[in-house]
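Shared between the two complexes below is subunit A, which has subunit B as its partner in the first and subunit C in the second.
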Partner chain A sequence: MKSPMRLAKAEDVRAIGLAPAAEEERKPRLLAKLKELRGSMRSLAVMLDTCVKCGNCVRQCHSYLGTGDPLNAPPARADLMRKLYRRHFTLAGRLLGRITGAEDFDAQTLDAWLTYFYQCNECRRCAVFCPLGVDTAEVTIAGRHLLSELGMVPRFMQQVALNLQKTGNNMGIPKPALLDSVEFLQCEMLEETGLAVKIPVDQAGSEILYIPSSADFFTNVDTIIGVAKMFHALGASWTISSAVLEAANFGLLFNDSAMRAHNRRMRQAAEELGAELVLQGECGHGWRAARLCTEAASGPVRFRLMHVLDYTARNLGRLALRRLSMRVALHDPCNYARAGDLIDEPRRILRACVEELVELAPNREETFCCGGGSGILMDEMMEIRLKLGKKKAEQIQAAGRIDYLAAGCSICKAQLPHVAAHYGMPDLAIGGVMDLVGKAMDMNRSTGGV
Partner chain B sequence: MFFFGYILPYAAAAVFVVGMVRRTWDWLSRPVPLPLTVSSVAGGRRARAAAVAKELVLFPSLYRGDRRLWLSAWLMHASLLVVLVGHTVGIAFAAQQFRYFGASKEASVWLSGAMGLLVGLVFTVALLTVLYRRAANVEVKRISGPDDYLALVLLLCVAASGLAMRYSAEVDLAEVRTYLAGLLVFRASPLPRAWLFLVHFAAVNALLLYFPFSKLVHLTGAFVGRSLLVQPPPVYPTPADGPTAAPLFSQGDRP
Partner chain C sequence: MSYVDVNGKQIEVDEDGFICDPDLWNEEIVRCFARLEGVDELTDDHWKVIHYLRGYYRQFGIAPMIRKLCKETGFNLQRIYELFPSGPAKGACKLAGLPKPTGCV
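Coming up: the complex of A and B.
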């Protein structure tokens, strides 16, 4: 099945610094890059060799379970790269061919890669269930990097990358628009609380640089409001930077150089503003990229790095929170649970903010992806996105009546409303964790000082 | 027969050892530019080693996913390990090892044989279960290639011929022991002529030759793979002696 995903045109690919390969150049370039990538990634090298096809991961993969497509089973998906690797880079594959699972590049190779590497949400649930530690996301992310090295990039990703180049955020918000939004949000908070809660922009000398998700200024305003209220209550010295208004780092999900470039924006902004602590906002893969990749991409760095949920959980004692009378279910975003070590923090926060916290099953390290993970948020992919969200929908349905689904990740927040509507829960309220902190906070009693 | 008895075993052992060392070295010599930690393990190196060891001794990931698969896979691996230890001890002590625990000579031989039979049967049944699952479960069948069956068939040949040797009056343990001891010290001793032994020995050699070129490299790959998932995440601010960045592609980073 060919994917409906639209690819960026050659000139648009060039605009983000990538070089499209001509038809006849594709195979040699792909093989050369695969060799290089395998040489520089121990994970890829070992994972292409060790899968024993035990099949334990197959029924753990929401993508396979949701789409029913055999090629979405993690081992089958990884085999799309493995067979090429076997054919060209192993003795057995060169000599014995198909018996060893080796197959050469053909007219379908790249279509299959584009289709199936972009139906893997890079959620890494398979890695949790693999006794050998094979993380299919390492293979599919590597596959996406390789495709981008041939100039094959989804239009959606290309647009995000272009926006990042121009404005430092995915949405393409320029500074004047940001200042307008901030002004508006400050007015809202003044009206609600009677207090001058600020969202400082580019404030040099701040102790904390907060990196929000740019969607917080459009659809998820309650998240940034919650964060601003918390900082206000704690009396924290903080700022956002108009140069890096984006916790997400889509480069992680399609091109390594783009990932590094965005990561360096964070370091540069922190250094320019003199921030001692960088706090990442509600974004799953962005937290993975910041936490695990900053050292390689921008290191060494002089600031501390934390996630806003960790920071909030540590400061719960200093916030005056009254429990909202709500039954709230928590969705563990993949990258918090399987890359970010953020499992207990959102729970501690929610227990302080709401009367009833409901667990989805399975949860924590075994959480199912929302189906939008790794930036599969393209409109043209909607039909597939809904299938990818099927397992999550079943989990939410099984939780019974809930007033709010807390999903502390911008991609989840963008994807889950579609999933909820499609699977018969159109009225389900979905939002971040910090949103509830903002709502539960008694602003007149919270006084902190840092 | 000279080739079979005195060249092939050395060649197979060399291919196995050199192949596995090279393969493992090949993985370990590659950098890990971006950690892929799934969950951090508190408590440093020893705790991480313990986490990897727990996974590789008990297979909890399989247990969480599919209990029947866990049972057959665990029994298959555990019984193979016991078979290997049993071969080493039983052949080295000529089945007299249990005399050290107070058994009589006859009792030790009987016990050694009985244990070998039991564990060999467990191994064979586990292999058959895994093979059946691979062929009968449509989802597993779809992801299986010829090499997945080949590895199982080779192991089954080894197991079945080994079990059959127990019921062959032809096979003489002392003769086998002398031959193998000769191989170990590079002194040629007569190759036993019992055909079941020859089949068993040939299957083992074929397995060793195939091993480093197949998925069986997960023997060491499992350690490498599982370790990657519990790597400690980087620390910020970067310590003064912190590691430096390694690019994924050699041309470095584009602007």
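Coming up: the complex of A and C.
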């Protein structure tokens, strides 16, 4: 099956600093890059060498379960790269070819990679159930990076990358627009609380640099409001930076140089502002990239890096929270549960903010992806996105009546409303974790409040 | 690229049907896009949203926050969806001739 996903045109790919390969150049460039990657990314070779086809992971992959497409089963998906790797980089494959599962590059290779590496949400659930620890997401992320080295980049990713280059955020929000939005939000908070709750922008000398998701300044305003109220209540010295108004790092999901470039934006902003602590906002893969790749991308850094949910959980005792009378279910974003070490923190926060916290089953390390993970948010992919979200929808339905689904990740927040509407839950309220902190906070009683 | 015929004039749009050159925008185009978006009749309420978005875009080069759009027009989100079935970003912004909001939205 050929994917409906749109690719960026050659000139647009060049605009984000990548070099499209001509038809005849593709195979040699792909093999050369794969060879390079095999040397630099030891884990990739291990993942490619290790799978014994036991099938344990197959029925644990929501992408396979939702689409029913056999090539979405993790071992089959990874085999799309594995067979090429065998053919060119293993002795047995070079000598014996097909009997060892080795196959050469052909006209279908790249279409299959584009289709199936972009129907993998990079969620790592398969890895939890693999007795050998094979993480198919490592293979498919590497596959996406290789595709980008040939100039094959989803149009959606290219547009985001271009916005990042121009403005430092995915949505392309320029500084004057940010300042206008901040002013509006401050007025909203003043109206609501009677207090001058600030969202400082580019304030040098702040202790904390807070990195929001840019979607907080478009659709998810309650998330940044919750964060601002918390900092206000704690009397924290904090700022956002107009140069890096983005916790997401799509580079992780399609191109290594783009990932490094965005990571360096964070480092540079933190250094310029003199921040000691960098707090990442509600974004799953962005936290995965920041937590796991900062050292490699930006070298040793002087600041501490933490997630806002961790920070909030540690400060719960200093916040005056009134439990909201709500039945709230928590969705564990894949990247918090399987790559971000943020499992108990959202639970501790929610228990302090709402009367009833409902667990989805399965949860924690075994959570199912929302179906939009790894930036599969393209409109043209909607039909597939809904299939990828099917397992999550079943889990939510099984939770019974809930007032709110807490999903502390901007991709989940963008994807889940479509899933909920499609699977018969059009009125389900969906939002972040910090949103509820903001709503549960008694601003006049919190320590440090003015 | 594809083109939409607006009273005999070919207007270039992207794959999602958003205008490629926001400067070409005019009210004729709105009427044409409205038909394509399933908006049968353009009422004063539609124009209020469209003109607000247009003005904001001219000043800031981007769409306003949804909350601000609601507050400034006096319409809640539900009303915006009634007016523009594809929603504020994909419906209203398209009619107002803004580029498609992208990112985690």
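Odds and ends about this structure:
One rule holds for everything that comes next: the second predicted complex is superposed on the first by the 447 of 450 C-alpha atoms of A that agree within 3 Å, B and C clash if a C-alpha of one lies under 4 Å from a C-alpha of the other, contacts with A are read in each partner's own complex, and residues count from 1 in each chain.
By our rule, a contact is a pair of C-beta atoms (placed from the backbone, for glycine too) under 8 Å apart; a residue touches a chain by one contact, two chains touch by 3 or more.
Just so it is clear, the model here is predicted, and its values are computed rather than measured.
When subunit B and subunit C are set side by side, the one touching more residues of subunit A is B. Contacts of A:396 after superposition on the shared chain: neither subunit B nor subunit C is touched.
In the superposed model, A:163 lies in contact with subunit C only, and not with subunit B.
In the superposed model, A:256 lies in contact with subunit B only, and not with subunit C. Using the contact criterion defined above for the overlaid structures, shared-chain residue A:328 touches neither subunit B nor subunit C, since it reaches no partner.
Looking at the shared chain after the overlay, A:197 reaches neither subunit B nor subunit C.
By the touch criterion stated above, A:30 is placed in contact with neither subunit B nor subunit C.
Counting contacts as defined above, no subunit A residue meets subunit B in one complex and subunit C in the other.
Subunit A makes touch with subunit B in their complex at residues 17-18, 33, 36-43, 45-47, 49-60, 70, 73, 75-76, 79, 90-92, 98-101, 124, 127-135, 138, 145, 149, 256-257, 260-261, 291-305, 338-339, 341, 365-366.
Chain contact summary for the complex, subunit A toward subunit C: residues 6, 155-156, 159-160, 163, 169-174, 176-177, 180-181, 184-185, 188, 213-215, 217-219, 221, 248, 283, 377, 379-380, 410-411, 413-414. Residues of subunit B that touch subunit A in their complex: 23, 26-28, 30-40, 55-56, 59, 61-62, 64-66, 69, 73, 133-134, 137, 139-140, 142-148, 150, 213-215, 217-218, 221-222, 224-229, 233-234, 236-239, 242-250, 253-255.
Interface residues of subunit C, counted against subunit A in their complex, comprise 15-16, 59-68, 71, 89-90, 101-105.
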